[in-house]
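Next come two complexes built around chain A: one with chain B, the other with chain C.
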Partner chain A sequence: MQKSQKKPAKMVSYAKYGYMFIAPFFIAYAFFMIYPLINTFILSFKGNGATVDEWVGFQNYQWLLFGGEQRAANSIQNEFWTSMGNTVILWVGNFVIQLVLSLLLAVWFSDVRIKIKGTGFFKVVMYLPNIITAASVAGMFLMLFGNSKFGAINSLLLNWGWLQDAFPFINNEWSGRILVMFIQSWMWFGNTTLLLMSGIFGIDPAIYEAASIDGSSGMHMFFRITMPILKPIFIYVVITSLIGGLQMFDIPYLLHEGTTIRPTLETGAVFIYKYFHQVSPNYGYSAAASIVLFILTAVLGIIIYRFNTDSTAPKKRKAAK
Partner chain B sequence: MKKKLLALLLASAMVLSVAGCSDETPTDNGGNEGDGTTSAPANSDGSEDTTEGAATPSGEDDGVLTIVTWGSNSDVVNMKKIFCENTGVAEDKVQIVTQGDNGEGGRDQIVQYLKGDGDADIITLEADWILSYINDDTLTAPLSDIGISEGDLKNPYSYTVAIGKDESGTLKGVSFQAAPGGFLYRSDLAEQYLGVKSPEEMQEKVKDWATFQATAKELYDASNGATSLQATEGGLWQVYQYNRTQAWVVDGALVMDNAADFYDIAKTFNDEKYLANVPQWDPAWYAAIQDGTALGDFVPTWGLTAAADSILSNMTGGEGGKAYGKMAMCQGPNGYCWGGTWLGIAAKHNTDDLAAQFIKYFTCDDDGMRAYTLGTNDFCNNSTVMKAIVDEKVNSNPQLTDGQDQFQILMDQADAINMDGKITKYDSVIKGHFNDSVNGYLDGTYATKDDAINAFKDAVAASFPDLVVE
Partner chain C sequence: MANKTATLNSTSLREREYARKIRAQAIIRFIVCVIITIISLLPIYILVINATRESNDIITQGVSFLPGGSLIDNINTLFDPEAAGGAYVRSYNLWYGYRNSLIIAICSTVLSVFFSGLTAYGLTVYDFKFKKAATTFILAIMMIPTQVVSTGFLEFMVSIKLYDNYIPLILPSIASPAVVFFILQYMKSSFPTEIVEAARIDGCGEFMTFIRIALPMLRPAFAVQAIFAFVASWNNYYTPSMLLLSNKIEQRTMPMMVSAILGNDKISNFGVNYLAVALSILPVVIIYLCLSKFIVKGVALGAVKG
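Let's turn to the complex of A and B:
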């Protein structure tokens, strides 16, 4: 008793050490995250090329979103919207396949009645493509699907007589996009499967047992038990995939022969990189495009979140309090 | 046990990362042994400068010559070797820093490097974008800073000197090579399909564009559609663009000049299969030559060197390769000049004496330039030395049929090169956009020539907001 009475008087604050220990992170965070973020905002209001240091107000945004009378303005607007269109196409294409596949696998692998053996092994196998760097994956697919008759697939098809001339798998608008969608799904489905599986494993088996005793079918259990309880994880997967998808860069950027990026694969992030990285520094376009992408991601994220969370949930919590 | 292991791991990670940092600094102890090539007294006794090297202030000699170049530039690697062997400068006194993996990568990334903290003395600059560097005093310094003037250069080809000057006429870049080019082709296939037995006979077959096309047709028919005469659209353009009468940009406005006609030429070539249309700088390019899909391509001097990654070495497959000793050179329909690398001085140069010695060795020293040419098969920027090498018949390229001397073919063209007022700082980017739009026209992305030209102009306008593009 005595001890506890004395303690408050003698209390030494160790908080400052705590702050000191976490300080490096926040310093690094401010330097590498906050400053670039603010600077991007500033840059988006500055010019391009020779006028890179001058304030131009909303001109970059205006050109990107609405174009203008000059050729440059229209050209930038065109390219930006094309790149945004490409981003959406590539994201939807890879996300739908990826989600369906992952959900299916996750349900199968976690189903107590099927009891698949060697789940650990399959998890590793499914996750493996994600470990390979994007550069290697792109290199591999370039070799497989090379445009000319020297590409592996092309040479096979030509040898079998299925093709008369080499098919430009990468340069062709849709086959190129399908390749990117396939690579992205292939690289990321393992990751998504693991996330969904962990969600499903968190569901109380007793519920399934009760359901099966009452005679409900697998389909029924999936839609009535698994999906509703999985919703938070599901939303998390959708939102992270959306953010990742809108920033899709590496594969679309790498998947081309010769020296130029394929215009049909140019995503928003590739657009940003392209203009940022030229000798005539077009920082303004890049920064403005980054901000537009940022706002878009935030808005879409919020919408998805709102649509999918139970609107009565906050009220319940309040009532409980 | 686990904790101990973890602690050990973390500790070693920390030590390694610290070591990694100090490795990045261009100065290492090798710079202090001083064999007479450094002039800085501060360094002659130096021992404590691992820290000093981290941010060597400009103007202070760090004893190590840093050459900034891009990954695929094998010229510089060979130059370092030859320079160190013949002058006795220790190899660790010359370090090569690479930025970007090819010329375009170098164009975009060397500027970032120069704006950073890294050490830089000599930088390599490509013809297509040298002007954007030498006209910026925050990036490059005049060669007079390290004591090299125009008069010191030994018999340079005049176009190389003209390109190396900035807007005010100050010499800021010198080239160690001249870059005339010719037509490189498979001599065995030429004999088989065209009955051509020597480079002279081949030249007759490609002496002008009309003959070139007729030969292409003959070849395509004789080989039953297996072999096209020309491999790449990019190579064709390099030769064609030499006939431009104006630069890409005149008075701040884009000038098409003869470029519009090239869409038709390329289309004809592609439709008639005179063109194999494989992408440049791609494994398919080299494969097309090796398996006879294409008879040849236009290649300049720097693509004909002995380096393992030169265009020629890639096409022949190197010693024992499929086309080794089965290729030959002729002049082609018209002479041209393609690219070339210049040596410039970074604004933050600090190892002046060694830098001067290096540059002089390859541009002002007959013996050095001769050693470079004979050692690498590159075409040095010294007309007298080149003439002597051709006259003495001392050069023989083992990758070419019967050890043909490519210099003999390219000699006259080197004298004739005139690029006056035809290069701009925009060239590299514009050339990229142009070839994209031509290829887009060939593969059907753009339905008409006008669409393709429009797309090209759009791309240029977007890249250079300062230019007038009508």
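Let's turn to the complex of A and C:
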């Protein structure tokens, strides 16, 4: 009798604490993330500006993705696709520069044969741009590369006689984009280097020793040993950078002179912000664009995740046999 | 004998050649690293130097590597209510900026670290029906970007009149999936659950066990996450500028001050503008210089576990 009373009491009594401990997280998450996500979904089927309470069905999606007969529909379609194109261009440019540089540095910093002096110092300095406020970074580069002859770089080039007239670094389509790519790489390459290094440090040095005894060259070792082992962390870096790229906001949004955002720098996130942040907010367009971005993020995440697990799955199966 | 010395010579020659190759490589790599270091620091250096120069010098000479003598003048102009017709004081107030950014950053850091610890502890120590589902859920949502929910978030906050308020900037930190994940991983490797049993036998309540025993033990994990949470909050421009709709100067965070001063057409004193931007990054740079080794290690730590 005593036994049967004690046993269930002991098993049940602590479970409720588990729920109590995790409850604040889930309540806050439901309130600040899940409901807003559902709300975004609902808003994407509603109107814009003055007609924000009206149901319009799929009209926002249709206008954004395919345009329509009205002039407004075509201009919004045009702007949305331009912003998506800009996002891709800016992300690819920034990611390629960043990844090549980070891989090179990560391999160099963790090379046991050829040690670079002051690695600790280099790492600290290279991570520094990542810690600085993006808005301030945008301001800094805006003043350095100002369009007029008052911009620091322009006045330098004019003084040296390399330029006859001030070059509009920000307003020019490609120099503006290259500047954003440079700033993004400048801010993030240190972070990516550290992430990749943590992956390389996990590789057993004995593998490299064996390979070098077998006469492998440095390049060979990189592609045959480092890259395959680095794959999981590499994919992690790609996913986070992709999602970060779809969110790219501060730099492209703030890098303009005067009051209008540069159309050549308007990313998807800037598009969303621009439409919900108007005096009479166009929630419909920005919500529909948000949902498109959300689906895109999810699909990209799943594709890359699959790509990663598919190629390692057969090996695991073999090992299990 | 002669043969032996010949082979000896040739091996030592080969070794010497190899050593020379290695040294040459090391020097090349060092030089490349120095160049990258210069690129990393140069914009920040120019920013600081230009903050000490007179606007006219900057306009006529562009870049200089030596500091100018106008730092005090620039500071005075930045805080002068009459300068540029009051444009400076209307768009930029350093004390409001520091105060607001600090309030938001400290509150959200404390909330994020404390509640993430609580959640991770709940998921590690207790056994309950939805434990696995809850853990999987937290992992799955880690990557959802805030931008995709911001339209619904803003509309929601406007409808319950919480815009122009710090609450929606601070309270969402209670649910920080990435921090929970990090602390979960940390607890897996360095938190023996037997300790909880021992505390129970000693008559310690469940919540007090968390406060008295788990919190001190998790301090290293908290420290790393706290630094990153603080910096992320300080640097956040998107959410505050989205939610503080009236954009009142008393409410602006530091990044909003920067954006306001740069967006003001009436302001054309470059030295002062550079100073305003430099002051906005000063606190994070100081934090970084003090804790850099710790931070650099933390980035990699998060990744190995992630």
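Keep in mind that, in the parts below, the second predicted complex is superposed on the first by the 297 of 321 C-alpha atoms of A that agree within 3 Å, B and C clash if a C-alpha of one lies under 4 Å from a C-alpha of the other, contacts with A are read in each partner's own complex, and residues count from 1 in each chain.
By definition in this document, a residue touches a chain if its C-beta (ideal position, glycine included) is under 8 Å from a C-beta of that chain, and two chains touch if they have at least 3 such contacts.
Source: prediction; values computed, not measured.
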Fit or clash between chain C and chain B when superposed on chain A: clash
Chain A residues touched by each partner, larger count belonging to chain B or chain C: C
Which of chain B and chain C A:150 touches, first, second, both or neither: both
Chain B versus chain C as contact partner of A:222, first or second or both or neither: neither
First, second, both or neither for A:32, with chain B first and chain C second: second
Touching partner for A:269 - first (chain B), second (chain C), both, neither: second
Chain B versus chain C as contact partner of A:71, first or second or both or neither: first
Chain B region in steric overlap with chain C, selected from 37-45, 289-297 or 307-315: 307-315
Shared chain A contacts, counted only where both chain B and chain C touch the same residue: 149-151, 258-259, 277
Residues on chain A engaged by chain C in the complex (per definition of touch): 14-22, 24-29, 32-33, 35-43, 101, 105, 108, 113-118, 120, 122-129, 131-137, 139-144, 149-159, 186, 190-191, 194-195, 197-199, 201-202, 233, 236, 239-240, 243, 246-247, 249-250, 254, 258-259, 269, 272-273, 276-277, 281, 283, 286-287, 290-291, 293-294, 297, 301
Residues on chain A engaged by chain B in the complex (per definition of touch): 47-51, 70-72, 74-76, 78-79, 146-151, 168, 171, 173, 257-260, 263, 275, 277-280, 282, 285
Residues on chain B engaged by chain A in the complex (per definition of touch): 102, 104, 107-108, 111, 129, 132, 278-284, 287-288, 293, 425-426, 428-429, 432, 435-436, 439-440, 443, 445, 457-459, 461-466, 469-470
Residue numbers on chain C that touch chain A, as the complex places them: 22, 25-26, 29-30, 33, 36-37, 39-41, 43-44, 46-47, 50, 58-63, 115-116, 118-119, 121-123, 125-131, 134, 138, 141, 143-156, 168, 171-172, 174-175, 177, 180, 206, 210, 231, 234-235, 237-238, 242, 254-256, 258-259, 261-263, 265, 268, 270, 273-274, 277, 280-281, 284-285, 287-288, 292-293, 295-296, 299-301, 303-304, 306
